[in-house]
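Letters A, B, C, D and E mark the chains as written, and numbering starts fresh at 1 in each.
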Amino acid sequence: MLWLPLAAGLLACLVPRRFAGWAAALGAFLALDLAIRLVTDFDSGSAGIQHAVDESWIPELGVRYQLGVDGISLFLVLLTTVAWFAAILWSAIRTPERPKTYFFLLGLAETATLGAFLAQDLLLFVLFFDLMLIPFYFLFGSWGSEHPGREGEGPVRPAPATIKMIVYTLVGSLLMLVGAIAAGVIAGDGTPVFSMAELREGLLSEGSQHWIFWFFAAAFLVKMPAFLVHGWMPDAYRVAPLPVLAVFSAVLSKVGAYGFLRVVLPIFPEATVDFQEIVLVIALASILYGSVMAFTQTSARLVAGYSSVAQLGFITLGIFALRPDGADGAVIQMVNHGIVIVPLMLIIVLLAERSGGDDVTKMGGIAMRAPVMAALFLVVTMALLAIPGSANFVGEFYILNGVFQEKIVFALIAALGVIMASYYALRLFQHAMHNRKPEGVESRELGWREGAIIGGLVACIVALAFYPQVVLKRSDESVNEQLSSFEQPSEPTAAVTEGPGK
Amino acid sequence: MDATTYGWLILAFPLAGSMVIALGWRALPGRAAGWIGTGAIGLAFLCAIGALVQILDHPVEDRQLTNSLYDYASAGGLDIQMNVLVDPLSVFMCLVVTGVSTLIHLYSISYMTSDDGFRRFFSYLNFFVFSMLLLLLAGNLILLIVGWAFVGFASYALISFWFRRGTATGAGMKAFVINVVGDVGLVIAALFIFRELGTFDLLQIFERAPEEFTTNEGVAVAIGCLLLVGAAAKSAQVPLHTWLPDAMEGPTPVSALIHAATMVTAGVYLIGRFHPVFEIALTAADIAAFIGLATLLIAATIALVVTDLKRIIAYSTMSQIGYMVMGVGIGAYSAAFFHLMTHAFFKALLFMAAGSIIGAMANRQNIDLMGGFRRAMPFTVATLLIGCLALAAFPGTSGFFSKDEILAFAEHRGGFYWVFAIGGYIGALLTAFYAFRIGFRVAYGDPVPEAREVEAGHISHAEPENPATGEREDTDIGFPGPEHHIAEREWPMKIAMSVLAFGALFAGLVQVPGVDAVIEHFLEGSFEDSTLYNDLPSNAAEWRGLGVGSIISLLGIGFAAVLYLQRPGTTKRLAERFAGIHKFLENKWYFDEAIDFLIVRPALGFGRWANSVFERYVVNGLVVGTVGAAKGANAAVRVAQSGYLRGYALLLVLGFCGLALYFLIAGS
Amino acid sequence: MTEFTAPHIDYAGLSPVIALTTALVVVLMAGLLPLHRFVIAGLTLAGLGAAAGLAIWQWGEREDLVSGALRLDELGLAAALIAIFAGAVGVILSMREDAAEKAGLGAFYALLLGSVLGMTLLAQAQNLVAFFIGFELLSIPLYIMCGSSIRKEASLESGLKYLIIGSLGSATMLYGFAFIYGAGGSTDFTAIADTLAAGDADDTIILIGTAMAAVGLSFKVSLAPFHQWTPDVYQGAPTPVTAFMAVATKAAAFVAFARLFEVALGPVSADWDVALAALAAISIAVGNIGALSQDSLKRLLGYSGIAQAGYMLAGIVVFSETGLNALVFYLAAYALMNLAIFAVIVARERETGFGDDIRAMEGLGSSRPLLAWPLTIGFLALAGLPGTSGFIGKLFLIEATVDGDYTWLGVAIVIGTMISMAYYLRVLAAVWMRPDPAAEAQMPVIAGASAEADAPGASAGGRDEPGTKGAGRCLLIVGAAILCAAATVAFGVYPDPLVDWASAAGESLAVG
Amino acid sequence: MKEVAFFAGAIGALGGAIAVIALRNPFYSVLALIVHLISLAGIFLLLQGEFIAAAQIVVYAGAVMVLYVFVAAYVGNVDEPLWEPIPGQRFIAPLLGVALFAELGIAIVGSGLKSIESEGPTVKLGFGSPEAIGKLLLERFLIAFEAASLLLLVAAVGAVILASRKRSGAVEGPVG
Amino acid sequence: MDITWYLVLSALIFAVGVAGVLLRRSPLVILLCLELMLNAGNLALLAFARSLGNEEGQVFALIVMVVAACEVVVGLGLIVAAYRRRIPLNVDELRSLRG
């Protein structure tokens, strides 16, 4: 499954340009199919790794080729395949220029992402983590489009924006490389060990945990992106080609959160406990700041972008509650957010086509002749603002619950984010679809193929809304195992912060 | 079939109806959508009756039945089922909701015929009913919150139904956001409850609450207050009420359904539902009562001066719900729910009548432009007046019994609760007055042109425009349809209105002090654990209350008669005399402005600041700074790379000297 | 007359050197005959091939040659192989090259072979004298080759600069050798090591000697602050020469560096490791920062070469077997990726009028994918992105640093990599994210002019007639580029063989 | 006796060296270097390097210097401009020279090596004689010897390439 | 007469040579200065050879002479070539490559 998309990508290079897209789509579809199989015959009872692969890769360095899924990565893998399938189909419908390279890169990207989710070896994880960036660099850069930029500043050109993004994100991930190696070397004196399973056995002294923790945190926080290190996000989002951006913000941001859950918590438990508050504060800042920014943006892309800053804030919050419910919430929330952001981006494509730009203040009344589109968009919006009854709400509720039981104040403040979310999401919807139709905006229904893609995704949203348990059931065990080292939450700190409580 | 199955069916029909209409929107011919919708709700109503029958078989003490369909979300120590709780309270509410809804659907079939959004309208309407019922039947707190939020969403969708009206969309946004505030209140309450009681299941909560909490324990009160936030937001109680008047932007049936009969009463239901908590957290209960009181007075005063027909009714709704909240706050549960029922009847009726008149007025809503319809539209006017009588608690009408029962209980409760009684009676006076302000202004006086046209046999057609702003509109999708419909010409409207009129007149008789107490006995199944439920005022006290009530309402009606029938124009003079007060009331006590000033402005301001300053200078500064540093260093290196061969040699030797120096120092 | 006993000579062990020498002479002679360029190139390649074959044949042997002047072991052979490979690519690149043609192919290739020979000797030398002569035999042909494109002023200038600074460096090194000899009592590495281990290791003489030797070698591998010749010479020299020089010199010099410091000066390692670590850090900083905003690709590669030297030095600093493995692996990887890039640059120099200016690469992605991909892969590898051997190499080095308690150096490496991303990606942006300016590039005048106008660095390239010399249909060059790139990716995905090879080389020195 | 010779040679060598860098005209510098070389050869004799001393005279002061003289004559005496384009060079350079000498001096004087604090051990007859050197060259340093010859060959080739007349036709203008 | 004296002398010559490279601008003279440095090295080699009593140093010195000769030949070749190109023989004017 891992290498399928890449193979398809290569195939796409070989076949004539007309079919390139469909070849890639085929690969993506097969991957999706495998992912579904994976889910169906997943044994939700056990916490351990399933379908494991373990080959020796670079013995001198102690790097092994270890793959496998557990309850946490399972649905992220599925999400990845779904998102990519949608994006590739979408691109296949409206073929981009130089399709061969385009689809090859997309395939490469999917492979890398899947690799990151499947990797059970620390260095392998890091490798895929960095590898993910390369295709996106080219995709953003060569297929991106110039953006008018925010008022008072010049237009944003693709090349510099993407370079900024890559350098920024690499700052983190390269430090992580050092951190990973250090962890491995320090853990296994003499022969380095990088297998996560072994590293989990607390081979690291607290002292070394502390600095390595930050090396990893840097990588993940930047990738998410979290508050204060999201500087690369606006420009990148402005210029990126939307179908690609869809998968990017749907999946890649999750890798960061996933990394916290998969690597940081189990391998650096003491450090995690020591720095819990700091990370929680960062997460909180991301929520509030992201929300506030989201409802002042005029660019639809950036509304989406900042909303995901806020969402990722929630996820981080849940993870660092260091409680099963919080982490469960984080996992399901990752899936939800991904499955919501993809259709949102695709809809923004449609909006841009109808209003000739992504400036929401210049849109309006598009719902008039496009009821189906409006309906789909409405569902997406509601899911985005996590209306109770959507799976997103379940996620947020679990997260809030987890945090609440640990650190009540954080939960109360985070709740503000929920309110703001309702505002910016609705604002986006209304500005685009409702009110009078300005000049130069046409209200046109979406084509059936586009409708099929978005509709499919929306169907996923609805299905999850009715039965979120399908995710929770499978993730629960693994989550508990990841958090096994935090069985007894640090009471003293909790007692301090529980002002209004008891 | 047992009651819970009916419960599920009650939920199933509206949902199905909504989905069918939504998916088949293109296929359905003419009014079919309307009939489907109405039918779905009708079936739901029948199921509710079925549930009622079933539940009556059970002995009073175990009339609380739950049934779980599947695990909704259970992990990490939380356990959330997809389950329903069918008990007298929920069944009672379901009956009211489905009953009134059926009629309103029926009414809408005609009222909305000529609107381009006909199908969309019914799909929304059914969805709304579904969510309302979900809210009522929910077996656990989370599901209740879900229903709660869905209701909010549905009301948003319906308020901004005419989505190309700026005012409508704005109002929708406002309503939704305020509702979300309420949701969050509930969510946090849920979190507290889970921490303290470790469960979300309603029955378990009610079981454990008394065990876990001592009376007026801090946490309990906190929970109570958080629940109140939710209730206030949904039931338009001060200070979260501002959305309700604006919500009148929606089509009139929507106002009738959501903003009079059903949704706004959710708050009352919530408080009643959580009475075990509130009876422990007495402070919270009292706060609720005070909120109710404040709301009923404020709303009533505003209703005196507003000129928009629908808004007057809206404010009266607020104030009536104020009564109910006050009722459940002080523990007069049966009375409150009794009033809830009667209010549903007469308020829906009022709105329908208003809708019919607005239709005749070609969508204009200002009562100053109205008058003399009594000969033009006898039926409508008759129903309108019936509604007004009930609202004014005219002796014998439904409103009479229910409202005064609450007040009697307040008196009976003793302590400082007499305050509520007094306030209630003052409110009653105002209510009676403004009720007939509507009645007389619309019905009597000399006919306005529109009225004449109707008499002449056709409905006037003004240019379509937004009643609020007066801007021009086409009648295409997203704006009101080209034609207007009045009860006189549409039998579905007629039926719906007459049924409600009947209810408004005689529904009070189900619970006449000393004679019968149907509702009280029925609801007992849900309130058996309540301490307050069963100590009721004596019949004598009740009758005394009724006496006072009747006098007051007659007084109010009398005033209205004097001011509007005998000496028209007096009101204008009064307004000029007390210009200050008048302005204050006209601006609705400046609540909007206050909220805008305290919350909206700061938030937006911060946002703008963050966007223009923080983002640019701090976040980008991080980037720009590093880039600048790199550039500077780069420049330095390139200057050093001067191209002067001897310069290179110099640096080389310099480096060598440094290295040698280090070695000499390190070595020795 | 004193009787004299001929030293025992193991011709098998010496065979690569001998092969190179013969090749040198043959090619030189052939150059005088009127032969087609392919014949001469063929002869050269044959010689190199033979040497390589013999080297592989000798792989695994470990012994002292010619009374200990040379040491036959995997380390030396590895460096020799890299040098030979680079030489071969250099030969291919310099066919049809202006400089080579004018100089006379025979002579030119003879010089190249001489340089390769010098590298081989240097990499194997374990005697100060042999070391020094190897060092010079490596350098002097390079001086000439740099200046050999006589029609270009820049070429001459680079030659002269290289010669003078180089001689300065080697003179310093020689002086240092004198001191080492004085303190070590011999010119044989092993003997020196013994003496030092016996006597007090930190006598001022040996210290100053070490410092001076370090200066000379640092100069050769272009470590800051002895780096300044690098950008100028890289840019000025004919591109094929630059390619060969950049890759092969580093390989040989680094291996020699390792041998001298870890064998002869091993006992005083406590004194030099910190100093070298500092040099490494400085080089990483200077190189990466200097490379930012360079428009001439060769110049950019010069700076990046400085930074890369800094990375590699880390392998010596840690003074451990892992370090050596990492060093050798990185050298090989570095050779592959750099040669891929240089091949593309040469190809473009002949196609466009921009010379080695970054604009020569604009729109390459759409116009010449076959060239664009090797370039891309090469730069990504230099940037150490996964999927390429560059990543593995960095992995290796960083692990070595962490292992040797030089984690801060590892961090320095990655920080340098981050900075480097900015300029590597800038090139790639030009390749993939600009429209193909083929249209105006066809017009030599404009191209030349513009190249001069706003890129003085590129003027050298800007002035030779573009589009001529069989406008880039140089399949061999493209082939070389693709080969190197493919190898880079292959070793990035399945590094095992290269890793084994490097480890064999690394352990053959038996340090740490 | 030795001292006198040493100091005489030292003064000659040092004077020559300083003259090389002090004189404006390259031609004189070359001559100064020759003086330096010859006196250095004398010092070599004191160190019992007869063969080296001879080579010094013959190869260096003879052949190489002649080459210098020719070239100097060929290019004519280009006297350098007096103003110093590189800021600070004029002051730093001598300072560096001094510093360098200081460091080397410290190293030499501060060294604890017994061997250099004497006149050196008494050595067998024929130390540094042509036989001895040749023997070493052909035995221990055979490689170096061969390599040196190759080096000469390469250098010759290089000289031919660089200085040969046949391509002086195309002359480029100065580069910006 | 200690060997130290010889070494100090060589150090002096070396320093002078370095200073010359840094100060003079005619490539010809710079080459001469390089010769000075190499000679300083030779002197040091011989001194040490004497102090150690083995001739390796002397052989080394011989090799160095060869090397020096080669460098001179190449250097002069470059100078002549440059002169032919009418490139001014002043290293300060060789600045087309910089930055």
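In the analysis below, a contact is a pair of C-beta atoms (placed from the backbone, for glycine too) under 8 Å apart; a residue touches a chain by one contact, two chains touch by 3 or more.
Values in this document were obtained by computation on a predicted structure and should not be read as measured data.
Fewest steps needed to get from chain A to chain E, stepping only to touching chains, is 2. Traced through touching neighbours, the fewest hops from chain D to chain E number 1.
Among the inter-chain contacts, the highest number of C-beta pairs connects D-E.
In terms of the distance between Cα centroids, chain A is separated most widely from D. Averaged C-alpha coordinates put the centre of chain A at 37 Å from the centre of chain B.
Between chain B and chain D the centroid-to-centroid distance comes to 102 Å (mean Cα coordinates, whole Å). In terms of their C-alpha centroids, the spacing between chain B and chain C amounts to 78 Å.
Averaging C-alpha coordinates per chain places the centre of chain A 43 Å away from that of chain C. Chain D has residues 85-86, 89, 92-93, 96, 100, 103-104, 106-108, 110, 113, 115-116, 132, 140-141, 144, 148, 151, 154-155, 158, 161-162, 172, 174-176 in contact with two or more other chains. Residues of chain A in contact with at least two other chains: none. In chain C, 129, 133, 136, 140, 143-144, 147, 150, 153-154, 160-161, 164, 168, 172, 179, 182, 185, 203-204, 207-208, 231-232, 422, 456, 459 are the positions where the chain touches two or more neighbouring chains simultaneously.
Every pair of chains meeting the contact definition is listed here: A-B, A-C, B-C, B-D, B-E, C-D, C-E, D-E. Across the interface of their complex, chain D is touched by residues 1-9, 11-20, 22-26, 28-29, 31-33, 35-36, 39, 42-43, 46-53, 55-56, 58-59, 61-63, 65-70, 72-74, 76-81, 83-90, 92, 96 of chain E.
On the side of chain B, the complex with chain E involves touching residues 638, 641-646, 649-650, 653. Within the complex, the chain C residues that touch chain B are 160-161, 164-165, 168-169, 172, 202-204, 207-208, 210-212, 214-215, 219, 224-226, 228-229, 231-232, 271-272, 274-275, 278-279, 285-286, 289-290, 292-293, 419, 422.
Across the interface of their complex, chain C is touched by residues 103-104, 106-108, 110-113, 115-116, 131-132, 134-135, 138-144, 147-148, 150-151, 153-155, 157-158, 160-162, 167, 170, 172, 174-176 of chain D.
Chain A contributes residues 164, 168, 228-232, 234, 289, 292-293, 295-297, 323-329, 365, 367-369, 371, 375, 378, 382, 385, 387-389, 393-394, 397-398, 400-402, 404-405, 411-412, 415, 418-420, 422-423, 426-427, 430, 433-437, 467-469, 472-473, 475-476, 479-480, 500-502 to its touches with chain B in the complex.
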